[in-house]
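Next come the structures, one after another.
Next come two complexes built around subunit A: one with subunit B, the other with subunit C.
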Partner chain A sequence: MDKNIGLYICTGCSIGESVNVEKIVNIGKNALRVPVVKSHFALCGKEGTGLIRNDMQAEGVNTVVVAACSPRVKYEEFDFPGCIVERVPVRELAIWTQEPNSEEAQLAAEDYIRMGVIKVQKGDLPEPYLMETVKSILVIGGGITGMTAALQAADAGYPVVLVEKEDRLGGFVNRLHKIGKIPADPAKDPLIADSGIENTIKAVESNPKIKVYKSAKVEKTEGQPGAFDVTISSNGSSETVRIGSVVLAAGWRPYDASKLGHLGYGMPNVVTNIEFEEIARQGKIARPSDGKEAKKVAFVQCAGQRDPDHLPYCSAMCCTTSLKQAQYVRQNPAAAAMILYKDIRTPGNLEYFYKAAQNDPGVMLTKGEVTGVSEADGGNLYVEMQDSLLGGQVKIEADMVVLATGIVPATADDPILMLQYRQGPGLPDLDLYDGFADSNFICFQYETRRTGVYAAGCVRQPMNMAEAQEDATGAALKAIQSVEHVATGIAVHPRAWDMTYPDPYMQRCTSCKRCTEECPFGAIDEDEKGTPFYKPGRCRRCATCMGACPERIVSFKDYHVDMIGSMLKSVSVPEDEDKPRIIVLACENDAYPAIDTAALQKGRLDPAIRIIQLRCLGSTNLVWIADALSRGVDGMLLLGCKYGENYQCHFAKGSELANYRLGKVQETLGRLQLEAERVGMIQLAIDEYDKIPSLITGFVERVKEIGPNPFKGF
Partner chain B sequence: MPEQIAGQIIKPDLNFVKDIIASGGESLKKCYQCSTCTVVCDVTPGETPFPRKEMLYAQWGLKERLLNNPDVWLCHQCSDCTAHCPRGAKPGEVLGAVRKMTIREYSAPRFLAHMVADSKYLLLLMALPVLLLLGVIVGRGVTGIPDGEIVYTKIMPVPAIDVIFTAAAVFAVLSFLFGIRKYWAAMKVGTKAAPRGSLAEDVVAVITEFLTHRRFRKCSVTQERSTSHLLVFYAFAGLALTTTWAIVYLYGFHRESPYPQYDPMKLVGNVSALALLFGISLVVVNRLKNAEKAGKGSYFDWLFLSVIFIIAVTGLFSELLRLGNIAVLAYPVYFIHLVFVFFLFAYAPFSKMAHMVYRTTALVFARQTGRDR
Partner chain C sequence: MSEQSSRRPHRILVIGGGFSGLTTAVDAAETGAEVIVIERNPYLGGRVAQLNKYFPKLCPPLCGLELNFKRIRTNPLVTLHTMAEVETITGGPGDYTVTVKLHPRYVNDNCTACNACAEACPAERPNDFNFGMDRTKAAYLPFNQAFPQKYVIDGASCAADCGKACREACRYGAVDLEMKAETRELRVDSLVVATGWDPYDPNRLDLLGFGKVKNVITNMMMERLASPTGPTAGKILRPSDGKPVENIVFVQCAGSRDENHLPYCSSICCLASLKQVTYIREQNPGSKARIFYIDIRTPGKYEKFYGKVKEDPNVSFTKGKVARIVQAEGSDDVIVEAEDMLTGAKVKVQADMVVLATGMEPTGASRKVSGVGYNGDGFVLSVQGVSAAGCSKNPMDVARSAQDATSAVLKAIKTGQGR
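Showing the complex of A and B:
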């Protein structure tokens, strides 16, 4: 595209009173040779945007640099379809965070505008990656979660393929005697009810948009979102179907109770909560040893849970389950249930269920640490408990003991998806979530590290049936978004507007495989010779591959190594040795918004810094550091998301990989005979804006201590 | 925490839990054992605080631990706990229920205790004094309202009253003595403590405390209760004095009633009666006013209050109607008065009246075992 650039400088929001706009206009016209340079007192107003539109018509401007406020505000006003638009946040980075009318503010404004102009000069208008796609949705798992997801997707008009490993639908609910219900009137309504799962099964099986495979499993999944080829084996035969996206609702299994010998498992009258459902289904609560009706049933909560030797987590549903099962016991009015807990956890509205169950005189609830179960006379048992509320160790006599065992996700030891990806068949790094197919809960519900695969229900997190159904609906919606975005050639979350895609210059590829190994989403596979090739549908456009590539061959239309390199090379480097220059590379997801907020709070930032937004710190290419430092820039600071456990990186691994690469920057700096401490990285969450001024000042001070860059002035 | 119950085998008693609930502790199960109750309580001792442990015992159905526990009587049902309970578990009401069960547990004969606690036996219990007193009247040949000056001995001669009420009092005292003995022994087992020090001194100390309502005055949520209770307490003392005085007049000086209004005994009697009426009315008003914060009370509470209220009203009206010479009303009202006085006396060991005996016993025991601090 032949670019005809227009630079528009807003003088509103006190920009005009704080910097010399006339001087900037002159720089634009003369130094940067921008054909159209104008200023206006309120660019975001009708008159201001009208001015820009008029220039598009009259002067043929098709590339717009708006030097005004942050790109995170007024994005509708400055939306010019078909044009390249760059927003330069002069207001935030030069006016609000610097001393108005100072030399520093003026210099900052000039630098940021210069970088903006260079950015559009180096960039291009994106075109979507289009391929032939289908919009059908594969649901793995025919339990309550899977069936709900299937029905939701089908109701929204999308064809669904449902794969269930058992010979009938219904999943775990089939094994339950009754389900718990929050009573509308605790005085009258029962706390338990039939599950009604048959109705859901019937709705799924009679839905013309849902094709159900029973006794089936996924043998392999090839391809990419919009065009997955999934081979399903069922009853000895295999079939390959084309799928747009996947809802993973593979559910859970109970924890292996044979490991709970210390809680008496193995004694005849000690059963798990799952086995207790089976007993209750037979009618009266007959204990296994002699078939006598159990009249004093003790429920041991957290059996093998919240325990580093077993399941370290809380399974979320067992407290409610035991409260429900206490009602099975209480069907005989002379029988009592005793629930022995560490903490009762009934999340959300289940608190009402707990309260209603607690009012039953035959349900004794008490806190303590159960240390063991031993045999008493006549097949009875003693539950030994310490730290009881009365202080001491007590023994509680029961004629039957139920262990509230927890849930193990299906993904704990089975890839399930059988992805034919270079990075492996399952979801990566699930040990962060104890095997659950989970992700950072704040930002990416249902997202997995495999684009187009959305997890829901107990395979994602321990949860109850109501939550699982809500989860299923959410994941179905994400799956629908995924097929729709792929069909129009745009990325999915978090860059859900992005039409660009990685476009490598393959002639220079050395098949080093760094990109295929580092891509957080497994978007890059290799051919037989080890040469990488992209599956763009899987790509989330974080540009981690661009940062990884030593040959710097990966680029996007509006984001590439040369672009950022040119921008940071255009930054002014003061000759004065007391005035260092430091480049800050800030992640667009957390760090940059935090800087915006700091600016809004009028937090002063050290004038030494120049901030450049990156898609993700994972896209940081080490050449930028060499480029900047060899020009005399005194230091570089990377601001990215938290990584590791409880990571907040929107691309899961980006900031972690940036940190890993920084570990290797030593070599580059050594070659330049510079100190490693000139380059630093700080993990920053979006809500830590208040720390930014001091963090930056601290880094600048450290660089000042090292002294000026010896390359200054070269 | 309170005493260790190391190694104890706990067998929760569902029927006992149901019993407490039926006795007015309906809210018991709501307790989630946060201990706010014990923290806000102004009258609990520091070492073995209540009512949290009692709430636990009650929820766990540990019958013995509740019934041989003197601490429930250290509670004066200020209802600070009930007002501050975040779950609406009303520990004050639950302890009230436990006290009622303690009375029921130790008073003999047990069947009477059950009858007094249950509204469905009210008429049956009432029938005893009605029939007894009617028998006296009929036996005297009285068939209608007597003519002439109103003199109550015309229908109810003094010896008859003396026999009936002395018998009732003796029965009550014996029952109380029996109950005190059993309770004292049970508390020794329950607290595993041996009473120490001078019994007489401790009895005097407890009674001195009652005279000033020192402990009761610490209540904050229902502070007025101590005043109204004090008034009722002294009214009863005054009426007891009057009765003794009357006995002295009758048997010492052979003076027959009615006595003139200026007689000092009459003066004490009238003032006490007015104090009782005023006091008991205050108690009722306070109860109704505090129902929201402190709970509405049980049948057991209200039966006791009603009996006292009726005694006060009928007693005063007996006198007023006599002075006003309205025979047709005076005699029936006097009859009702006697029925209720009998009810109060004879059933004292089983009604809430027994609290004065069991509370005294428990407080003396608490002092003797140092549990009071």
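Showing the complex of A and C:
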């Protein structure tokens, strides 16, 4: 677009009293050659925004640089659709954090405004990446989770393809005698009910929008959100269907009870909780060895769970299941159930299950560590327990023992999705969650590192049936969002507003494969010759590829290597050797808001720094460091999110990759004969704003100790 | 929606702008719906905004809030009303009329958050954001990362004879002391009730000493004490004398799982206490913590967090319900009396400070929205067109609330289709 830039400088919030605005106006007009440069006392007020709008009408201004406050405030006021708008936080970075009327404040304001103007000069309005897409949703798994997701998506108007590995729908619920329900209204709602699974299966199979494949599995998934080509094999034949997005509801299997020999599994009257459901379905609780009705049933909780030798996690649903199964036993008033537990876990309204058991004299609940199960006379069993409420070491006799075994997610040893991605067929990071297809983000439960794939139910986390149904509905919504966004060329979480996309200049690609290796979302494949092949539908727009590329060929319309490079090259470098200049590259999601908050406290920041916001630290290209240092900038500091096991980076790997690249910068610095310590990285969380002034001062002091950059003045 | 693109967008009213409400709003707007959020507080983020860290990652809640705020900033489909309350709901699925009362903020959109009004203001008020543990001016910013970043004037705390210094101090004409409450009528297709929860009133827990015994606080107060934006700038100091806390006791099920108080389990308190143990252990390496519990409820992957805390030799666990909390004689210390259920022994422990792991009471227990159905405990009962999300429906943690809110969006979006 032909840009007609307007630079608007606010003089409110002490800006006018703290810096020489007239001088800045002159720089804008003369040095930066901005055609329209104006200042106003309260740019955010009606008069101020009116001034800008008027210039748009009268002067044809279509590119606006607002040198005022942070983009995190007054966002409605400075929203000019169809225009490029750059907010320069002069108030926060040059006024509130610098000494008023000092040379430093003036220089900071000038630098930030110059960078803002260069940014819009180098940038362009986003144009969405449009391709032919479909809006059908693939649901993998035909258990209660998958069926719920399918029905929800179909009800909302989206075609669904459902793939189930068994020859019938229903999953584990088919095997249950009754189901436990979370009572919405404990005064009225029953805790235990028939599953009604037949009706759900009927609803799925008769829904014209749902196509069901049974005895089927996904052979391969190619392509990208909006245009996945999924090959489904079923009963010896295979078929490829075009899919928009995926709900992964592949479910779980019970933990292998044959590994629980120490708890008596293998003895005829020791069964798992799933086996117990099947016994209960037959009517009376007949024990396997002799068909005699069990009158005294012991439930051993955490049979494998919460045990580092088996499953390190809790399976969340087994306490409620055993409480429910105790009621099966109690159908015979003469029978008794004993639940032997470490902790009874019935959070929320599941507590009513616990209460019901406590109020039933035929159900006994005892805390303790079960150490073993051995055979007693007549097919009976002894459960040995220590540290119990009953005393140090006890032996309890029962006719039958039920092992409350836990959940193993389907993804523990099977990629399921069979993605034909360079980075592999399954979801990455599964080892962080013991094989579950879970999200790393507490706030964003459906995030996986494969765009357009949303996990739900017990493949995501251990949960009960009611929770799985809610989870399925949420995942269906995310799948819908995904197909709608990709159809209009907008990114999904976390940049769910972004219409830009990576547009590499392939002629200069050397096929070094760094982008394909580093993309946290597996968005880049390689063709037969090893040349990267971008799949924008998979892309989350973090620009990690842009940071990774040594040839600097990856660009977004409003974000590219030359843009940030030009900005940082425009920063003033004082000749005075006592006044270092340090460029801070800050993650715009966490580190920058923290800086904003520090500014709101009016805490002083070292005048040496100039802060540039990045989409993600993963987009840091090493050439920026060379560019800056070769111009005499004394140091560079990267502020990004915490990485490692509990990473906080919204793009999963950005800050970690930035750090990895910094490890390699040594080489660049060596070539320039500069000290490696001039470049550093600090992991900073959004709430650590109180530490920012001292962290920055600390870094500046270290750079001062090294001494001025010898390139200064060249 | 796929077949609806030519029709007008769905309109959803979200009652509550805490984490569930925000998630609902963002997810609905990003699916093409028009969303109006009604929040009672002058800021968004609800209880999550008051939390210092999340379990089990120990990451800052502001990180996720900020991202949601950013999505709201960039999405024209979301309209926010703070200091607002729903008065009536009439109509049915696909066509509701909702009257909303907007309380006066006395500060208009001209506010630049420059702090001049607060500097000029002569009156003070207890800081409810910090549970009254410190004070703010009557003209104040709720907390320093508040969104929207706009000051508020608490009219009730203004002196009757005030010279209106705030109005004089504001250079942007943002202070409007004549602002009146307004009532608006909104028409929407569906509603999501995400009104969240209140900490159970600890004054009702007679034997646990809150308000009578010094240095007995609640778990939510502990969040504020540990937070850098809290009354002690993040230093965990006991309220009576500012002494750094060396020895702390956590009392689980303070109100929860108790027929006389909250009959259900509040789901989050075990993990909250384990998390708060890490606050104190990290801040003060010599400190000791003891947890009195009935069951430690750390379902699913949270078990690993429990495992990590349990490994710390300075943290001990006692199964038993606390019977009584009293002041130690001649000191500000606190004495906790309980029975160790595993040994049957009576236990008496002296501590610098006691944290009551008070439970979650749905706001529906004390403030019902007319036109919304509730169960006897005050949790919302969803019906077609009016879905509950998050803790208004069931006690749950932030992760589950986020998930539940996303799920509520699909239910809301389907209501009124084809109209």
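Quick note on the criterion: the second predicted complex is superposed on the first by the 698 of 714 C-alpha atoms of A that agree within 3 Å, B and C clash if a C-alpha of one lies under 4 Å from a C-alpha of the other, contacts with A are read in each partner's own complex, and residues count from 1 in each chain.
Basically, a contact is a pair of C-beta atoms (placed from the backbone, for glycine too) under 8 Å apart; a residue touches a chain by one contact, two chains touch by 3 or more.
Just so it is clear, the structure is predicted and the values come from calculations on it, not from any experiment.
In the three-chain model built by superposing on subunit A, subunit B clashes with subunit C. After overlaying the two complexes on the shared chain, residue contacts for A:I582 are found with neither subunit B nor subunit C. Of the two partner chains placed by the overlay, neither subunit B nor subunit C lies in contact with A:V329. In the overlay built on the shared chain, the residue A:L417 is in contact with neither subunit B nor subunit C.
By the document's definition of touching, of the two partners only subunit B reaches A:P361; subunit C does not.
Look at A:D590: by the touch rule set out above, it reaches subunit C but stays clear of subunit B. By the touch criterion defined above, A:L389 reaches both subunit B and subunit C.
Greater residue coverage of subunit A by touch, when subunit B is weighed against subunit C, goes to C. Once the two complexes are laid over each other on the shared chain, residue contacts for A:C83 go to neither subunit B nor subunit C. Touch criterion not met for A:M563: it reaches neither subunit B nor subunit C.
Residues 355, 367, 389 of subunit A contact both subunit B in one complex and subunit C in the other. The touching residues of subunit A, when paired with subunit B in their complex, are 296, 334-336, 338, 355, 358-367, 382, 389-397. Every residue of subunit A that touches subunit C in the complex is listed here, in rising order: 12-14, 42, 44-45, 69, 72-75, 77, 79, 135, 152, 155-158, 182, 184-187, 305-306, 312-316, 343-352, 355, 367, 387-389, 433-434, 436, 438, 441-446, 461-463, 467, 470-471, 473-474, 476-478, 480-481, 484-485, 494, 496-497, 589-590, 593, 597, 600-601, 641-642, 646, 648, 650, 685-690.
Within the complex formed with subunit A, the subunit B residues making contact are 1-12, 14, 17-18, 21, 28-30, 32-33, 53, 56, 59-61. Per the touch definition, subunit C reaches subunit A in the complex via residues 1-4, 19, 23, 26-27, 30-32, 52, 54, 57-71, 73-76, 109-110, 112-114, 144-145, 148-149, 171-173, 227-229, 233-234, 257, 263-267, 295-304, 307, 319, 341-342, 375-377, 379, 381-382, 393-396, 398-400, 402-404, 406-407, 409-411, 413-414, 417.
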